[in-house]
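Both complexes shown next keep chain A, but they swap its partner, so chain B is in the first and chain C is in the second.
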Partner chain A sequence: MWKAIIYKEWIKIRWTAAIFLALGILVLVNILLRIRHDILFVDAINYWYNILFRGYNYASMLKFIPFLAGLGIAVAQYFPETVNRRIKLTFHLPVKENRVLMGMHLFGTGSLLLIYAIWLILFVIISTVFFPPEIMHSTLITLIPWFMGGLATYFMAALILLEPVWLFRVLYALVAYGFIAMFYQRAGLTAYLPALPELAVLTVLSSIVVLFSGYRFRKGEM
Partner chain B sequence: MMVKISRYILVIIGILAASVALPELYWTIFEQVPRTPNVYYSCTLNDFIMLRSGDNGIIRHDTKGNTYTLDEFEQHLPMMFFRQLMTDGTMPDSIHGVEMDPTAINKARSYFRYTTKDMLSPRPRLWPMFESESGRVNLAMPDDYFRITTKIEFIDAATNKVNQEKSAKFTRALEEHDFAFPARLIAGIPTTRKSCDEGYFVKDSRGDLFHVKMIKGEPYVARIDIPDPMDILHIECVDLRSKEFYCYLFTRHSGVFVVMEGVYHLQRLPVEGFDPFQHEMKINCDMFNKTFAMEGEDFLKVVAVDDMYEVVDTYEETWDGIFERPDGKMFASIFPFELELRTARTGFVNFYFTRSPGFTWLLVNLVFVGLAVWLILRRKGNLLKNIPDLLIVLVTGVFGFIGTQVFPNKFYD
Partner chain C sequence: MYAIECKNLTHYYGKKLVYENLNFTVEEGKILGLLGKNGSGKSTTINILNGFLHPTAGECLIYGENSQHLTPATKERIGFLIEGHIQYSFMNIHQIEKFYSGVYSRWNSEPYWELMSKLKVTPTQKISSMSCGQRSQVALGLILAQDPDLLILDDFSMGLDPGYRRLFIDYLRDYAKANHKTIFLTSHIIQDMERLIDDVLIMDYNRILTQQPVDEFMKHFKQFVIKLKNPEADFPKNSMALNIERTKSRVEFYTYATLEEVKKFLSEHAVEYTSVEQETLTLEDAFIGLTGKY
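And now, the complex of A and B:
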């Protein structure tokens, strides 16, 4: 039965996941081409200078891509479940309701993590070709909150989509906005370094919040 | 059980989001910034002159209460406004027996500003080593950047590879001066737009200070004697026309120093009470005097010294701190605390938590507890089951109220 559940989740998100994976790769290819182009024009020494002393982030195009992917996958996965309250069928399966929901959620999270991992590996490869570890690290530290923010977006979007009462959806969205904004503050390269542990804890904690609206959904909260 | 835990996680997230957003909104609407004066030392009056913007425009006055017009103000600060005074023909021929020569005046003038953000910001870990005696007039950007980890390494930017030969040569030079790798702090002026290159000031892992530069392709290393233990926190290099000193040293235990050019003598600045983690400093230098203006959240202290760094006068002014002003008092009675991700004080993002002083906010918290009780009773809820929620509201006030109401405590048995 788990196989069937996973298959159902796969059918729901496969196109969205593929599109976002491709979008991210396109953005990374664009970043690669731009680095190459700019280095040809201004020389590597000056390009590095802009990163080191002017805070230029060569991966800034990537900023909201993890956010969009998290949102997109949450919508693809949970929106169909809310149409005609279809998720009720899933909750009637002979598996504990929380467990089935966490199973779905884990699949979505896993897919998102896989996409992020592919992007990050590509990013590291591109960076190591052109830059020393110092530059790669400082840019990576700048990117990591964006990726954690993408995960948090997925978790909060699932919470909002499964919430049965519209008023609460709006209220959750306001809180989610404040929460997600913590990951996307405008800040210089490496500036997020001291906040990373706290943000990581919050991201992990937020992974189970979908249970709350799932509970309200199946208890028929109106 | 898991559902209840997930609710508390949401309540925490709600509290965090509210404690960032609401105080931010509050300050945007109500914050009043105290108007602090600009303080100058007049070499003709031998007194401070303050430039203060008030409701009735700009006021210029000295410590004795005399007020000055713009023209008088400029005439009493001839080092600052010498170009204007020369145009007006009111520049004195000599001051304190020194002939007034525009070149000399200009050479002695410098301005420097330190903010806590200068120190508390991410620092680059790669630096360009300029050729400091190329024989050319203009400085040129090198082809590589250096790092100082277990050794000093030069990385060629075009190939992204370490230049082994040059790295080994500089590493040897540092080792000969008993440099303890890795570097804890590297400071220099990494630009070609300066009058000349003086390389870098580097603090090693033992806390000792070194001057490192490149002369005709060869390493130049000098160890600088520092009175220990001073724990250098921050170094700010300057490019003075007067070539009086290389850099400012901000230390944890011993105050602020300048490192004199050539001789590497450390001159301590008479800036008692200055805390580089809290205060800002503006330094104005001219032929006769230097002024060090330290500014904190609720005070301004200006020390004027002569050209031998002897204190000639000090000026102090205090005002109400943020939580003594009406806007801050009102804040402290509404909100129990504030969370910020970015502050003006640092360049780092973090969770900056500020507790409101006093306990007047407890009253407002109690009002919110009452409100929560009323809402629970109206829903015919069980008060006992809401005790954790009420405690959260008691401690976190409006933030907890929002958190617990947005994510309702409604569970079915």
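And now, the complex of A and C:
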């Protein structure tokens, strides 16, 4: 059963996942080329100075890529379920409704985490070529809220897409905007460090809100 | 044993009453056709049966379980055709068969591939790019391959051309009778139902007009055409007439009464007429006769 559900979800998101994975890799390549360019042709000392004393984030180009990937995966996965209320077919499968929804959600989250993991591994490799671990570490901490924001975007987009009533979708979108904006405030390197545990808890909590849309759909809200 | 049992079903959309205290049952092994005009509550009933709508009051039981909380084992016994033959149209016919075969333990792909072999589609063609008729055959083929005990078919004939519709109906009836399947279906094309269903359930706004074996209904429900001498004369109303449609001197009189009873009624009310004749009815005629043209 679960193998079949994974197969269905994979068919829905595979191209989107591949496109966003490639997009992230292209951005990382661009970051690599920029670092090389700036160190070789501008001035390595100035470049390091900016990172160490002015809080320059050499990975800032990556900021909204996890957000876009979260949104893209959610749309690819849940929009086809909302067309003609096709989610009825999914809820009719011989599995408990909440369980099938969480199974789909887990697959989407897992796919997103896999994409993020590939990006982060590449990012660490690129960073260790040019910078000492301390700089790489502080930049990585700066990236974490962006990636958590991407996950939160996926969770909130699923809630909005599966909601059967347009008015509620708009209300959820407003809440989602406020919630997700928290992850993308302009801030210096490692500025988010004290807030990371709270943001992590909020992200985890947001992972189950999709059940509410599923419940409202099954209740017959329209 | 009932496959479906709906008890005291009441539903409102906001303040609008759809129906109140609706009761009906579907026996195992029977094919029941739910007929009703648009807005009479057919889709509401289907949605309640499939657990996609909580009724305001009452309940529907499917194999003894409340339709709002079906166990996976019972869901496996139900094949559900959504109005418009909705399926996972982002897949092609091979992908969707592979998906469902991993879901249902009694999956038998033979009837599915038999139907698919008649479709002129490429193996990689997505269902979304198929014609309405082709999509309907994919959806129907999947339900047959699932081999459910109860088939709930919401407007199953939509998009099917007349030849295929006839073929499918004959196939479905033989399949259901040979395998003791229960079918609960709706269709806008009532003439198809006559060949298929055992029992008919006719709904009007807020109520059930009749539920009985279709043979009994067709035997006892009659249309008499009365030609009045005076086209301006009033025609008396009576509880014997379930519906009366009048065009000048021609009166269509729908009733369960016999010709003698109708004639007696006419003479008791001093209705002057030139002729009274019983017309042969199809199920569609009978449905329109019972529910009215408007």
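Here are some notes:
Here is the rule we go by: the second predicted complex is superposed on the first by the 221 of 222 C-alpha atoms of A that agree within 3 Å, B and C clash if a C-alpha of one lies under 4 Å from a C-alpha of the other, contacts with A are read in each partner's own complex, and residues count from 1 in each chain.
Criterion: a residue touches a chain if its C-beta (ideal position, glycine included) is under 8 Å from a C-beta of that chain, and two chains touch if they have at least 3 such contacts.
What you see is a predicted model, and the numbers here were worked out from it, not measured in a lab.
Applying the stated clash criterion after superposition on chain A shows that chain B and chain C can sit side by side.
Touch criterion met: A:11 reaches chain C, while chain B stays clear of it. Once the two complexes are overlaid on the shared chain, A:93 sits against chain C while remaining clear of chain B. Legend: residue contacts after superposition of the two complexes on their common chain; A:75 is shown touching neither chain B nor chain C.
Of the two partner chains, both chain B and chain C are touched by A:219.
Of the two partner chains placed by the overlay, only chain C lies in contact with A:3; chain B stays clear of it.
Look at A:202: by the touch rule set out above, it reaches chain B but stays clear of chain C.
Between chain B and chain C, an angle of 140 degrees opens at the CA centre of chain A in the superposed model, to the nearest 10. When chain B and chain C are set side by side, the one touching more residues of chain A is B.
This overlay, made by fitting chain A, leaves chain B and chain C with a least C-alpha separation of 7 Å.
Shared contact residues on chain A (touching chain B in one structure, chain C in the other): 219. Of all residues in chain A, those touching chain C in their complex are 1, 3-5, 7-8, 11-12, 80, 84-86, 88-89, 91-96, 217-220. Contacts from chain C toward chain A in the complex involve residues 47, 50-54, 72-73, 75-76, 78, 80, 82, 84, 86-88, 90-91, 95, 98-104. Put simply, chain A touches chain B in their complex at residues 43-49, 52-53, 98, 129-132, 134-135, 138, 145, 159, 168, 171-172, 174-175, 177-179, 181-182, 185, 187-195, 198, 202, 205-206, 208-212, 214-216, 219, 221.
Against chain A, the residues of chain B that register as touching in their complex are 2-3, 5-7, 9-10, 12-14, 16-18, 20-21, 121-122, 124-128, 141-145, 147, 155, 157-158, 160, 190-191, 341-342, 347-351, 406-408, 410-412.
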